[in-house]
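Below are two complexes that have subunit A in common, paired first with subunit B and then with subunit C.
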Partner chain A sequence: MTAVPAPAGSFPAARRFGAVLPLLRGVLALAAVLAAVELIVIALGIRPYVLPRPSAVFEAILRTPAAYRDAIIRTGLETLYGFAAGALFGIGIGIAFSRLRFLRETVFPIFIVSQTIPVIAFGALVVMWFGNTILAKSVIVFYLTFFPVTVNTLLGMRAVDQKQVQLLKSFGASEGEILRKLRFPTALPHIFVALRISSALGLAGAVVGEWFGDTTGLGVLLLQGMYAENMVAIWASVFCSALLGVALFSAIGFAERRIVFWGGSDA
Partner chain B sequence: MKRRSFLSTLGAVASAAMIGAPAMAEDLEKVSLRLKWLPQAQFVGFYMAKAKGYYADEGLDLTINPGGPNLLTENLVATGSDTFGLSGGTDSVFAAIEKGLPITCIGIAHQETPFVFVSKADGPVQELADFQDASITTWFTGANYVLYAMLAANGLDRSTMNIQPQQVSVTPFVDGQVDVVTATRYNEYYTLMTRVGEENLKRFVPEDFGVSFPRDTLIVGNDWAAEHPELVQGFVRASVKGWLDTFADKGAAIDLILKEAPTLDRAHQEFMLDEIEKIMMAGAAATDGLFAIDMDAVGKAHQIMVDYEVLEGPIDLGKAFDSQYVDAIPAAERLPK
Partner chain C sequence: MMTRPQTDFTAAEAAMTDTAEPILDLRTLSKTFGEVKALNGVDLKVQPGEFVTVVGPSGCGKSTLFNIVSGLEEPDSGSVLRFEGRSVMARDLLGKVSFMPQRDLLLAWRNVIDNAILPLEIEGANRAEARREAERMLPEFGLAGFAKQYPHELSGGMRQRVALMRTFMFKRDLMLLDEPFGALDALTRAMMQRWLLDVWSEHRRTVLFITHDVDEAIFLGDRVLVMTARPGAIKLERKVDLPRPRGADLVTSPEFIALKRDLLDAIEEESMKTFGPNAH
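Right, the complex of A and B next:
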């Protein structure tokens, strides 16, 4: 695509391989760790209810693959909806806070107070208001994700070098143009940091949200496993949650590299 | 396009979650039953009644909502979020009535205490008197009062005993850090059996020591019941039929619950259903049939809660428990054939 070919990018196949390589390395590392755990468990004779063999965990997943697949999809959707809403809201309100002092001084403290309430405390309320719907879980995810994004957006918007602002002003740029071309791009690396943090928080929120009366999802499988002290089932849902979390995190990293091409936190 | 598929997915999932099953005839009354926990054999009779269309026969389009930790069934029924509930037990009904929640108990599923206290057969605790010097764990959500009452009824002073709150796992007991552990007969006891072996366990059953604590109570909101007495009646009738079918064909019942929650362990669910059958058919239910409200047993449990000042004073049991709906069904129709 570029005029100057990079060494690895000279051939499409090589370039594609270059993109897959880190993923492959990750999978190999994970496989090595799991194999090591398997050997340690067998060698030390660790009892299955302390730590089950990874192969037993995979067997459990493969015995009812549809249940785990549905759970991943359901929890993934809950997280995605809530996270998208939380991210958009957080960015929007963060920008608004940076521009409107009045709003910042009146609404921001309420946000802070809202974050001091543990999600477990209002989980029952969410069920009363939204029922057992995917919306209820997404609301919990939203609640956990919007705040870090708001704080970091505000921080990023204010991290602008005032000399650059004055320079643009001297060229006759409007406030709107300065926002679009300077402040927002400056804030983007900060925003992506918040998005990464929020993705993990949001997933945890979705899992816990499912503890308030639901029938599908990783949180439900986890709860069922805990109730029956079925360690294999617990680890199976932990593993699926980890997969989902890594996928979300990587997707955000990928978006960041594309959007903050000049180098953000990932540089 | 993206937005549309997002909305349609959201809509589809939301409606699937709310309706639960394809909508049937238009004139069915939409109602819901909130369970005390996630789907498992403990509740399969309700799923059976739904699968066989017994609720629909009574004019009800019933959705079964699972419970979870921190979800109080009484609250959800009192606020109208759910129509019916299978709530914690007589203890949670007492507490709800004391708080003034507008709910009534219309049936009791577990006729006797569903949990026991367990020690090791070769351990230091061989009889109740040995609790004195043992380390004991129990749930501080009601089970502790049953234990206190058992000890008091047998002249033992609990104030000098080492009684700690029990966490989720029974592992401390298995590993010998704890001498006496609390276990529901259908869940934790199964875990203990698989880890320690039943022959190595000793059970202390509250009923053997003169204490009983009926649990798993069917509740309904007062306003709704006043407006729809015939539907409450229908709900109870359909539930009884579902449970009798469950006990008549347990294999089919286990298949049904595993379809609902596929990751559950079949052997454990089979054991659970056997125990649930014993608990549901015990006491007054043995002669009067399923969901019998034994005011004698309720009164005793109530007295424990008053004695230990969990309740500030006695509550009006006649108002809190209403057996008209179960009584309207002849005992013969509430007993297995």
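Right, the complex of A and C next:
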């Protein structure tokens, strides 16, 4: 999605520019904020161990780009695997709950109880089971992701217009057809709301998961920065985490605009 | 012919009703929801190819009647429901009658063509073939060039035409239209009525049409039925002996006005039962 000049017609070009515009605006706003922070730090003489200059943070990243790149990839993969699994599981089980009352009444309460256990308490256990692997962190991400997706899928499947159900029935549609052609598309906007929430939660889960033991990742860099009392390294890790978070969020937003193009929920 | 009263059972008419089996035949049809009796002994026959309109005060059970005939609701026991000469359960009619509810109920994620072919898809028809057929029907429904548009890009009148096209594509002998033009402005509505008559005379389906607009009921129908206040039953039945094709000036003709007066009187009487001092 870079600003490539459009090959044909002015209309697609305008539309592509329209898609890039918010991104450009975001980048400009971020640059302005960073420049302002830089000026304030210099003007007020704030000490680097309280708040380092953004330029110093960027310098630190550029000095050892490989370390930060690897950390982003590692944490990104952990989040992605866990998130994908959580999203698919959440959608699947949400649909199952909407169809099977028995399952909903027996399993759903267990899900709710599971979410009352703080992920930190759970994290230690997962690392004991799966070791210092990507899998361990992905499981934590999964644990944080699936629940909002399940709840919103169930909600979305029930948000269907009963008149539309009746119309499809009058055409002779089976329950399965109503599910595929009506209920699931109706649920999609709700599902995307949950996916956006889950992506932020999942990333936090991956970072925290790394604190239980790992050698690469943004959480590891954060921890190392903290132990070394290196404010610049901490801020560099925070910046990279933010970058990853924004990338995930944007990717989901992009998919949402493509898939839920009819504007089920506007945001 | 024009002045023949409805009760005068001529030999010709007797012959017609005997030979032509009614496509829909309801006898003592009742429906109760808990304490509330929505329909009380509806008797109604619809001949193949006939355009029958139903008017009545609001809340008279018109929609309940349609829900039963489209198979969505079972009538109370003791009701007789005959379709194409056979006694049936209401649910046997699911997929047998093409039903158009009040709102267009288009699926937001489907474009005009894909909304129109929805019933064919459910029937298991070949999708590409169904799309080609819908493509051919677009001009007739005033939707030429709009094949790829989505519902949120269409005006209310166009959405309603898409819904009608969907109803027509579901090729069933009996069509149920539940106030399809109720939400449209007067001008669009008048245009849609004339257009519907054109389409109907092309396709020759049997139509049962609900409306609360007496003008619309007379303008469209071969026969107008007036329903009583709840619990609904057929209060009055009048044949509309006005020539077809019908033009816009028809509504000012003396025959039209005389008929309208009779029907309005009947509806007024029923409305008073609902809103009057003795209403229960």
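Here is the rule we go by: the second predicted complex is superposed on the first by the 249 of 267 C-alpha atoms of A that agree within 3 Å, B and C clash if a C-alpha of one lies under 4 Å from a C-alpha of the other, contacts with A are read in each partner's own complex, and residues count from 1 in each chain.
Quick note on the criterion: a contact is a pair of C-beta atoms (placed from the backbone, for glycine too) under 8 Å apart; a residue touches a chain by one contact, two chains touch by 3 or more.
Everything numeric here is computed off the predicted structure, so don't read it as measured data.
K.L.:
Report clash or fit for the pair subunit B and subunit C bound to subunit A in the combined superposed model.
P.N.:
By the criteria stated at the top, subunit C and subunit B fit after superposition, with no clash.
K.L.:
Which partner does A:P185 contact after superposing on A: first (subunit B), second (subunit C), both, neither?
P.N.:
A:P185 contacts subunit C only, not subunit B.
K.L.:
For A:L51, select first, second, both or neither according to whether it touches subunit B, subunit C, the two together, or no partner.
P.N.:
neither
K.L.:
By the touch definition at the top of the document, which applies to A:A96: first (subunit B), second (subunit C), both, or neither?
P.N.:
neither
K.L.:
I'd like to know which partner A:L155 touches here: subunit B for first, subunit C for second, both or neither.
P.N.:
neither
K.L.:
Touching A:E177 in the superposition: subunit B (first), subunit C (second), both, neither?
P.N.:
second
K.L.:
Give the label of whichever partner, subunit B or subunit C, reaches more residues of subunit A.
P.N.:
The partner making contact with more of subunit A's residues is B.
K.L.:
Which holds for A:V37: it touches subunit B only (first), subunit C only (second), both, or neither?
P.N.:
neither
K.L.:
Contacts for A:K163 in the overlay, against subunit B (first) and subunit C (second): which applies, first, second, both or neither?
P.N.:
The answer is second: A:K163 touches subunit C but not subunit B.
K.L.:
Between subunit B and subunit C, what minimal C-alpha to C-alpha distance in angstrom results from the superposition?
P.N.:
Taking the overlay as described at the top, subunit B lies 27 Å from subunit C at its nearest C-alpha.
K.L.:
Based on the A-chain superposition described above, do subunit B and subunit C contact any of the same residues on subunit A, and if so which?
P.N.:
Touching subunit B in the first complex and subunit C in the second, no residue of subunit A appears in both lists.
K.L.:
Quick check: in the complex, which residue numbers of subunit B touch subunit A?
P.N.:
Residue positions touching the partner: 6, 9-10, 13-14, 17-18, 34, 37-40, 65-72, 75-76, 79, 81, 168-171, 174, 187-188, 190-191, 195, 260-265, 268.
K.L.:
Would you pull the subunit A residues touching subunit C in the complex into a rising list?
P.N.:
161, 163-164, 166-173, 177, 181-182, 185, 188, 260-264
K.L.:
Can you name the residues of subunit A that touch subunit B in the complex?
P.N.:
Subunit A residues touching subunit B: 49-50, 60, 64, 66-68, 74, 77, 81, 120, 123-124, 127-128, 131-135, 210-215, 220-221, 223-230, 233, 236.
K.L.:
Which bits of subunit C are touching subunit A when the two form their complex?
P.N.:
Touch residues, subunit C against subunit A: 67, 70-72, 94-99, 101, 103, 105, 107-109, 118-119, 121-123, 150-152, 170.
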